[in-house]
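Next up: some structures, all given as structure tokens.
What follows is a pair of complexes built around subunit A, which joins subunit B in one and subunit C in the other.
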Partner chain A sequence: MSTSFVSHQGGRYFWISLAFMVLSIIIYAWHEPVQPPNGGTWYGYTLGTIGAVMILWLLYLGKRKRNFANGWGTTKGWVSAHVYLGSSLIVIATLHTGFQFGWNIHTVAYLLMCLVIFSGFFGVYAYMVFPDARNKVKKSRTRDDIFEEIQVVDQQLKKLAGNLSEDIGAIVNSAIDRTEFGGGFLDQLLGRDKSKVMIDGIIVNNNNQDVVIENLVQKLTLATGQETKVLANLVKEYGGRQKLLGVIRTDIRLSAIQEIWLSFHVPISFGLIAALAAHIVSVFIYW
Partner chain B sequence: MRLLIRYIQSRDKAQHEFDGSVVTIGRGTDQTIQIADNSLPLLHSKLSVSGKGLTLTVSDGQSFVVNGQTVKKQSLIDGDVVEISGHKLKILSGDNGFDYLIDVDLDSDQITELKSRFPSGLKQIKAPRRKLTWALFLLLLGIGLVIPVVGLYVGMEKVREIPLVPDDGVWLTGELHQTHAYMGDNCTHCHTEAFTQTKNEDCLTCHQSVNHHFDVEKFGANNQISNDCGDCHKEHSSTDSITRTDQAGCSSCHSDMDKAGFDSELRSATDFLDDHPSFMVSMHEWEASKGWQNTRVDLWADELEEKSNLIFPHDIHMSEQGIDGMQGVEILSCSDCHEPEKGGMKMKAVTMEQHCSDCHQLTFDLDQPDRVVPHGSPPDLMRTLREYYAYQFLNGDTQTDASKEQGDIELPSAREARRPGRVARPKVISDMIVNANVDSSATLTEQANAYIEGRVEQAASNLFEKQTCTICHEISKSGDSAVPWQVKPVKLNEDWMPLAEFSHGGHKNMQCSGCHDAVNSTESSEVLMPDITSCRDCHGGEDSSNLLQSNCVTCHAYHLDDQPSMGALIESGNKDSIHNLLDLDRSTDEMVKEE
Partner chain C sequence: MYDIVVIGAGPGGLSAAARCAELDVSHVLLESSPKIANTIQKYQKGKHVMAEPGILPLRSPVDFAAGKREEILDAWETGIAHHNVNVQYGAEAKSITGEVGNFSIGLVNGDVVQAKHIILGIGMQGNPRQLGVPGDQSDFIQYQLDDPDEYHDENIAVIGAGDAAIENAIALAKHNNVYIVNRKDEFARAKEGNLNLILAAIDAEEIGAFYSSSPTEIEILEGEKFRGNLVLSTNSGTEKLPVHRVIGRLGAIPPRGLVESFGIEFPSKDMSAIPALTSQYESNVTGIYVIGALGGYPLIKQAMNQGYEVVEYILGHDVKPADHGLIEDKFKALPYDNMEVDDVLIMMQERIPIFSSVNALLFRELILDSTVHVYNEGDVVFERDDYTNSFYTVLEGGIKTVITEDLIISSAVGAFTGEGSLLSGRRRSATVLAGDQCILIETPRRTMLKLIASIESVKRVLDETFIVRQIQTKFAPNTDIKELEPIASTAVINSYTPGQVIMKEGDEGDTFHLIRSGSVTVSNEVDGKEIIRTYLPAGADIGEMALLGDTARSATIKATVKTETVSIDKDAFEMLLARSPGLREELQEKTKKRYQENVKLHGDDGSEGLLSFLMNQGLGEATSALMIDESLCVGCDLCEQACAATHEGTSRLNRKAGPTHANIHVPTSCRHCESPHCMKDCPPNAIQRMGGGGEVVIGDNCIGCGNCKQNCPYGVIEMAYQTKATTSFWQWMLFGIGLAPGKGEVLTHGAENEIKKAVKCDLCIEQNHGPACVRACPTGAAMRLNPVDFAKLA
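So, the complex of A and B:
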């Protein structure tokens, strides 16, 4: 599923878009306006109209393709059309400009359109690459599976810690309770680990659970008798917990990157609509 | 204070002891009683000893429920049940050395699973995506659309006065021509009416002096090609030129003027290389009764003959062997006489004074080589001669008296040489008077007249008929005794092709002889203008691939110098012209009728 919209129906929309782009370029090269090529020639108006209608239609497609199994056509088909026809807008709109750019609302509309399209390209890339990558990291488990595994480990850890001195128990409990993942926008995107642990009444950073493991290992070196065995077991279990948390964090980071483009794609699309409206209306106010 | 804290549900740690003065309660793992509920703060409240009882005090903004009542601070006694966000703490009196027993009954529904404790997907964050969307949408709509739309109703001048409102450059669709660039901050300079293309009045407000394309009196202004300035001038695309140069614009009429509805003598043309008539030239001819007459003649016509009335053989002047000049033999080049005007279009006029007189000096007295007659007017010439000889007579008389005592004074002489067979020229005035055969018995006036007229006639006939004027001019007798000769008027053609603009400056890297065969021209009646084939050596049509691409406006102007200005048509109140010229929908008469 992750790549299939790319080659949906033998890449039907790829070929349609390609033909559309090539045709536009050929006509552009062929047409000889009496003025330098720009949006105001007959071809400029034609491309502009096509482009504007396409933008509105793609915006609708953007919404439509999220309504799974609703109405005619398949979601896969809609995504494919959205991606390929959207890409062809780069050519259509650039030819519409006649390569005339400036510090004005018209170029703003063009740039916003480019940003929407390029963020969309990233989205395509993300959907093609990240689901697989995440699946590999998680070894085909779901994130919930891993959380459950962690919870089992946590109980095991608490049980083991109960057999040890109170300060070790406090450290383990504190590390478990103060384990963090995800969080805010950047925390997710950068895979930041804000986990902490209280050791001797002081709360310290416990990035990647390193501090607590280090502390336990230290205590292991000083341990004697039965305590050594339990503590060694505790360290081993905590190492497993550390790994599982690492997987969770990587998965959160990859999934954030996978979805980050939408945070640009959608708002800029609406900015584009506003700029497009301003572009079209102002051009005719000052005809 | 010693407490025993018991956890009702806990599987791994059922209870723990506490010995201290303050029990802390909250989500934090460092709290005495930890409640892992995300809805609680790290430190929710503190339980402290007060007298015999316990007092529970919450952190700012928190509260708890005791026996059904929501409070922020409460003394607790045995049997009280404290509820914190659904979790129950039951206070019991202690035994076995414990002051109190606290049963902690956590609401398992509220205890957060690890996976739900923190947002782990972008969708769980209250990202400002929606706000960002609206902000971007409204900002762009506000700047880009609302400002000009409001301007439509209240006037952009007022809108522009509002602080932070950008100038109209925001809506500029493309660069303006460099002469218009200063107006780029104010669209309404040219776009005076919304949703209407720029009108001719808008252009003519400044460009009043732009001339019309054709004779509006003959053809009227009611035709398609000159109705809209915008037909040919497209702004917002280039800083260099906003004028269309394609030949299709011209050939829409000029391919067939009759078909286009113009009774014009102009021949058809659509492409310089493939479809352009051969050149015609404008020729002058002097008619005594009418003055100079202008005619258009085909360059290849038999009757082609320049009638400038000037005698000038180019071949002699441009001989490779050179020509006798003041400094000996001189080899002349075209540029010795023909210089481009400033701006490089036409050539400066060739004049006798500037270009000929160095060699062709109008001397008349060999003994006075620095004395010349004026050029251009026979009466002036005659008057100069008379004055000269009168002065000589007068001066010579006085000198004669003196010379009687001192001996004759020698007149200055340019040269002693004389042609073989001729007698030596008299050198003293008395001799000259004797030579003039003046009757010595006549009065002094009669003597003077006889002397002067004799000398003038001699000098003038020499000038007009033998040596000087006749070299270049056609001379005839006038019958007037005061000015007995007349010179046929001369006019050198300075505008052979008045409808074409040829830049000599632009062709300065070419040899003159490439177009003008002057070296082989023996007569000034020969027209040395090149025909179209000469131009076509280098210039092709609009689409030529191996020749210079040349279109109509390469050589022809649209706005013609000899036509009235478009602005003047408005000012003159020429109703039909204005209405047609400015493309107004209805004439005033029609409006009156409708009313």
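So, the complex of A and C:
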């Protein structure tokens, strides 16, 4: 029922872009300029102009998606066109260069454009894959739902620990208090777990809650009587907590990967605009 | 002996008595409570009272204009004092005997008042039911609560389990120690919103609850910390609850029994029925006149006008009713220049049989609510699939009902149309065109429903016509309606509550049903689990398989919401088959398709689970529900931003809230229910269905009472101050000035009368391009669906 921007209107913009690219290639092969193919022939200028206008239009998506009252097409349609027409720029711009590359501003503009497009490709991949993966990891729950579940488990753990000796209580409480999520972007991307726990007055790393669990299991093997039952229960509950924390950490990591391309795509686009302006101005000055 | 005795000092009674005083007619105004206008006294402090209908002029010796409760009561007190109205407070009438010119009114206190004429204006509220236990006359026992903030740090017992009791208990619990005493073990009578509030408060131990408990005595304590002990008989024995105050909210004794004991007749058993009255407000008992809410006029201004008019009528003066000018204006466009307004009204009733049994007064009221249209031939009255639901009657000329291109039915003067949407709340099932020289009366749904409730014959005629027209359009389009009447007469109308089983898989059955209003789910039991196959809205037919030879029901059919069906039994169905050649084959074809669909859906586990989930979310009653495909949602929140940006900065959807099944998430957002819960109890009638999609929209005349928010089971209505969105994108983008698109700030004019109003999704009815949330979604995750489309989700 729900169709994504990739298959919007039966892939309308895919076919339009494909036709556009094929046509450009045919004309390129057909035309016989006086000089070798480059940006300065009539066809080179035509492709260059089309490419520059397209770049401005592609950039305009950032504004268009916030024109909420606009009735001209849907945002999904615009994104679909952005993706496919943007991809076709690789062909258009390459033909525009006439395959002349060098250590100059013109090639810088071309390379920046390629970076923008390839980061965009990753974006399409990320948007098609990660939302589904994240929903499956979270088993159709929201992150807030899981945080709530963790809070309930935390209460339960504190209650259980309250029935045990003071040092066990202190460990459980400190592990809960010193559980950490997120952190910097790199931490999120790599899924780093900076959780700590204080055991016997020393703060140690508690990656994936392993240290606490190991410590509790250790105590369980030595426990006797009623304490065994409570501790076993505590370990079991803590295992549940570990799983929930793992789900959130995975979600944070996947969401960081899902969005990372935007940190390249958008800034480089602005870099591209600057290089493009320099490219156009210099072409006219040094003509 | 008084010339006129007015019973009840409400707006109508006050106005009547003041008119008597003004004209020096000997009179007395009897009021059972110690103050005037008992119902309005009970309004909460500072409540804004409206003066609807705005177009109706006020005609009364006493002033009245929209304003605060206190101002209005003051104006009335001043008015009756100024005119020297003779009022007796604490005078509750319990009997009337005698006849015109010589009535005796017996009062509860034993007095008898003699009257030539009686004006009855006792309203519909009735008197509060008393506790009826020893000690219930003590001064700390009360039956109403004016201002809950008046009491602090008291032990208060609220007795009752209805909405009034719950609302009082919750309001008092802010500053007091409150207990609620419920005779039963649950709060079955309360509105859903109130039910949730009280259960939450009891859970949080903000209010103490006594279930299955009733008071047996109130012990009065003198000179102690508490003023009394409330003695309760509970399941676990007797309990004594020390209290400062007891508030009894046990409902009221409806006045109908009392009114009937005066000899006044009601035309139907329906509790909302009103007595039959002449156009001069006289009841079937000569000399007893009925005005105000009891006479079917619940609005203050109408009642006050009636008070004035009825005195004039008793004195034999010829006055035109206050609404005369309004009706005259309505009739201006009609070709009846030489006829009086009253004659036109009489002619209307004569020409239109369905209105002939309506009493003149009620009909006048109906016409006041209605619009009279003059059409040119071929004009569209309404189109198939329109979401309108008013009722049309033919006064002149005729109409053509276009059922299919080949089937056009003509109707003449006296006919009516539009009853289908009126009764089912669904879209129009046919297009109606105006004939030559066509004049139609369009009556709003609300007015018609009131009429149906109070006049049995109107209901019967509408039901019969509805059935016969349904059968005709569905099964026998080429058969004359007269021939179908015997079949229709055997049909039965059935009502089902939400979740009730209409037919059960495997049962023998020999009736089939047409869904008249509401909707149903079709399910099978697989391994002891209920698997919902599909959803059918009003207009669908169910169970015809059983009539074509296969007598065991192939699926269970359950009502998703309050549902009405028209059922037809085997014999009548055989008659229908005999009359409509080809119908058997057509139905067999349909049956075959349904079997094939059943088989196809059988292996499809995903969709089965999903449909059950969606139905459990109450989406069976949705007409347009927002859903998010989580496998496409990147969490950008553009949907919420778009909603806020197009709705003064307040988003009416909460993307993250709400449940998810597999990859389908149901965010908190209005679903535009089939029969909206929010519309049930809206005092200014501000919530309306409009637009081509039947959007449920809250109008600007919202008074901020919050009833809709409480009544909505899905929590989609918010109370919010008006906000404005600043939307200069470039300023925000380049210089960081102003708010980001989709953010709003509260408008503060600094006025103290600024109130929070109800806001919710309006399906972007003002945008003309469809819902902004869906249009703003970059990936295609957001969609708006009707239950009929749910099966396609899998």
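Heads up, the rule we're going with is that the second predicted complex is superposed on the first by the 276 of 287 C-alpha atoms of A that agree within 3 Å, B and C clash if a C-alpha of one lies under 4 Å from a C-alpha of the other, contacts with A are read in each partner's own complex, and residues count from 1 in each chain.
Assume a residue touches a chain if its C-beta (ideal position, glycine included) is under 8 Å from a C-beta of that chain, and two chains touch if they have at least 3 such contacts.
No experiment lies behind these values; they were computed from the predicted model shown.
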Have a look at where A:131 lands relative to subunit B and subunit C in the superposition and call it first, second, both or neither.
-> second
Does the superposition put A:151 against subunit B (first), subunit C (second), both, or neither?
-> first
Who does A:159 touch here: subunit B (first), subunit C (second), both, or neither?
-> first
Once the shared chain is lined up, is A:30 touching subunit B (first), subunit C (second), both, or neither of them?
-> neither
Which partner does A:74 reach: the first (subunit B), the second (subunit C), both, or neither?
-> second
Thinking of the overlay built on chain A, is A:256 touched by subunit B (first), by subunit C (second), by both, or by neither?
-> first
Check whether A:201 is in contact with subunit B, with subunit C, with both or with neither, and answer first, second, both or neither.
-> first
Residues of subunit A touched, compared between subunit B and subunit C (which is higher) | B
Partner chain(s) touched by A:141 [first = subunit B, second = subunit C, both, neither] = second
Which subunit A residues come up in both lists, the one for subunit B and the one for subunit C?
-> 144, 255, 259
Of all residues in subunit C, which touch subunit A in the complex?
-> 629-635, 638, 641-642, 645-646, 656, 660-663, 665, 729, 733, 741-742, 767-769, 772, 774-781, 783, 785, 789, 792-793
Of all residues in subunit A, those that touch subunit C in their complex | 1-5, 8, 63, 65-69, 71, 74-76, 78-79, 127, 130-132, 135, 140-142, 144, 255, 258-259
Which bits of subunit B are touching subunit A when the two form their complex?
-> 11-13, 28-30, 34, 36, 113-115, 117-125, 127, 129, 132-134, 136-141, 143-145, 148-149, 152, 168-175, 187, 191, 194-198, 234, 236-238, 242, 244, 246, 248-249
Complex contact set, residues of subunit A against subunit B | 32, 34-36, 38-40, 98, 100, 102-106, 108, 112, 143-144, 147, 150-151, 154-155, 158-159, 162, 170, 173-174, 176-185, 188, 198, 201, 203, 248, 252, 255-256, 259-260, 262-263, 266-268, 270-271, 273-275, 277-279, 281-287
